[in-house]
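First chain written, first letter: the chains are A, B and C, and each begins at residue 1.
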Amino acid sequence: MSLKKIDPLSISLRLYFYKLKGYSVLLYGLILAQIIALLFSLNGISYMSSNNGELSVSVNTYSASLVIVFSLVWIFYTAIQLTTKRYKRIEIPLVTNNITGHLSDIGFLMTACFFGGLTSSLAGVLLRVIIYFTFDRSQVIVDQFFLPFIDLLLGAAVSALYMILISAIGYLIGVLTKVSMAFVIVIPTVILGLLRVYADFVQTLVAFFTRETSFPLFVLKVLITSMLLFGFSFLLSNRREAVQ
Amino acid sequence: MKVIQSHNLSKSYGKTTALNDLTFEIEENTITGLIGRNGAGKTTLLKIMAGHIQPTHGELRIYSQKPFNNLERSAGTILIDDSMMYPDSFRLVDILSEVAPFYANWNNTLANGLFDYFSFNPNQLHSNLSKGSKSTFNSIIGIASRCPLTLFDEPTTGMDSAVRKDFYKALLKDYLKHPRTIILSSHLLSELEEILEEILLIKQGSKRLHLPVMELKELAVGIRGNAQILQPFVEGKELIYREEFAKDNLYIVLRKELLQQEGEVMKQKGLEVFPISTDDLCVYLTASNKGGIDNVFKKD
Amino acid sequence: MNAMISLLLIFLIVIVIVFFIPVVRAKLFTLLSWKITLTLAGLYLGILMMIVPILYILPENCLIKNNETKDQVVATSQNLISDLYNKRVPSERDLSKLEGIYKNSSHTFNADSNHLSVNIQASTGSRHVFIERKAVDDGQIGVSSYATAQYIGDVNFTKLISPPTFTLQNGTLSLKPPGHQILNFKQLNADFTINQFSNRNYAIHELSTNFGEQIVYIRVPKSLVIDKGQHTDQIQMVDPVVQF
């Protein structure tokens, strides 16, 4: 029988929707992580106090940064999960090859990053509203309380971008451990080694993203790095048997 | 038209050889039974056909394409086995509707009909199904997807006999309506034989024989009787199986064509000559040493 | 508040534990089909988005404003102290009209004796006492206490400082400082994702405390005899003639 040409993109899209529905359970992990982080944030992230004998003045600082950090941890874990045998086996009953499998994984991760970025930034708003209604308002400093809307959008975009970067790193680590279990030991060793011996290098690497103050440049850096990382994951696994 | 062409196909995992120099061809729109003992390499062969793994040596082509990592092949092939997994967010009813878009020939009516017939609970999770129900459910997908190449790896594991019979019937009916190439692997031939057209028998990763079922049925005869009378007849002939089942009593199996006219003579001399069921024949053909399990007990 | 957070945390921990018990998990998943999951995730996002307009309609006048002209204010109030020590009195008799000076309290006592001694208790901290002779003998002693600008971060908390209490008995003006006062503020910070691109610098935003000075300004009748007693260094006469 003659076979009509199968379009990898349309298959990827179908796989993407399948995974979006199928992996949706993972989102509970994100929501739970964000709520827990938000509760921790209600205790304040830092505290400083001064005293001159007659008077103690203290300031509790609050921010929703922890929610973003928890979301980053979640996306890292999720990205690694997607490369595991358990999740690769889900692709078996479907029409797939390596490329479409990866593309749909990335599609799912991007969606999760978008959702996570948006929700983790909005968690800051929720934090402010909770503080407004439950704390003594006369103690709350107005500065940075009413975040400008544009900052909110910026925050959502930046956290989504950080999540994309972290997911690309997690995905590559996941693929590497599939290539060889040795990487399970090698990766932490290399990271620890780098931290000890080339601390400056690691700092430079981290600062490459965290010290970038131009938003367009940041977008460019994150997107290009993520694309390289994902591309590397593609190459590593393209000729490999995903499930044995 | 040859759908599957395998040429010197070998697959090894480390030092273990799963498939060894396998050469065969399978015609389009046939039902082939892939028969072999546990560990004979059936699953490995099916996985290579489905493109999940690639051969170590030699090649296997399906519609003259290598199946590994081949999207077009994946769209035309489905492998039903018990390692199929579905996300936990899908209940059974979701699985049927979510898998459907991937297969061009998917028949929803058939899928739902079979689903209702086997009285599945639509809200159950696939991972909570019993082994037998899981096999049944996976088989529904295998039948309803109507893939040009449909592979079943031990599809009836865990099914009770009523469900097995229903499954074979359903498969056969749909096959007659919508012919496609089907390969069923099993170590049990007896109940499968009705629907099979061809048999590919493998033993320890090598092809033992590849025949239409009809020919297999006629392939061999069994002779039972006094060893002293029987011995001269079979001297120098290649025996498929030989067993001394009681004192001075011998049971042998050999190819029918080796017997020629001697059959009548044997019967006159009091030897029992009878046809061998394909099931038994396959057991004998895949036995690792002649004499079978009895040899173990004979030693003391 | 903390009790509520702990309760919620316990509740969440229970959820997490339940999540990892296979039997319960399986039951839970039977209920949580992808449709429900995606609906809940959408609901979560929707609620968070609905909170955004709430944040912007919250009235801000009950929150603490922060002062951008902090450095200038602090400088002015320090200049005043040195002016006073140099016996220069601003033409403005009410010091609180000056920028950065706040009047805490103001009392008028009838002089009950022809001399005045000021009793400052030992642990009064940095409290400066200035005495000015009025041009007339009206028999009235005016006591005002002021605080100069006090900041933590950009927040001016001068107005919140409790004044000392004054009593006049048998020609002794006693100053009793308020008890140990505790002030607490809550500062909300933008998330690190926003701070990275806004011009706010971490270093500048470090909260520094600036405890100001407290001034007791006493105006006495022309002929009253002042007995400085043992507090000669803390009590300063201000010559009314020298003005600027």
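Simple rule for what comes next: a residue touches a chain if its C-beta (ideal position, glycine included) is under 8 Å from a C-beta of that chain, and two chains touch if they have at least 3 such contacts.
Listed by chain with UniProt protein names: A = ABC-2 family transporter protein; B = ABC-2 type transport system ATP-binding protein.
Everything numeric here is computed off the predicted structure, so don't read it as measured data.
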item: Geometric centre: closest chain by C-alpha means; value: A
item: Interface with more contacting C-beta pairs, comparing B-C to A-C; value: A-C
item: Most distant chain from chain C by Cα centroid; value: B
item: Distance between chain centroids, defined by C-alpha means - chain A, chain B (Å); value: 47
item: Separation of mean Cα positions, chain C and chain B [Å, integer]; value: 86
item: Between chain C and chain A, distance of the C-alpha-averaged centres to the nearest whole Å; value: 40
item: Multi-partner residues of chain A (each touching 2 or more other chains); value: 21-22, 24-25
item: Residue numbers of chain C (touch at least two other chains); value: 29, 32, 34, 37
item: Multi-partner residues of chain B (at least 2 other chains); value: 87-90, 94
item: Complex interface listing, chain A residues touching chain B; value: 1, 3-6, 8, 11, 14, 18-19, 21-25, 86, 89-90, 92-100, 238-239, 241-244
item: In the complex, chain C residues that touch chain B; value: 26, 29-30, 32-34, 37
item: Sites on chain B touched by chain A in the complex; value: 13, 28, 47, 51-54, 63, 68-72, 74-76, 78-79, 83-90, 94, 98-99, 101-104, 138, 141, 148
item: In the complex with chain C, residue positions of chain A that touch it; value: 20-22, 24-25, 27-28, 31-32, 35-36, 39, 42-45, 48, 50, 52-65, 68, 115, 118-119, 121-129, 131-132, 134-135, 137-147, 149, 151-152, 154-155, 158-159, 162, 210-215, 218
item: Touching residues on chain B, where the partner in the complex is chain C; value: 87-91, 94, 123-125, 127-128
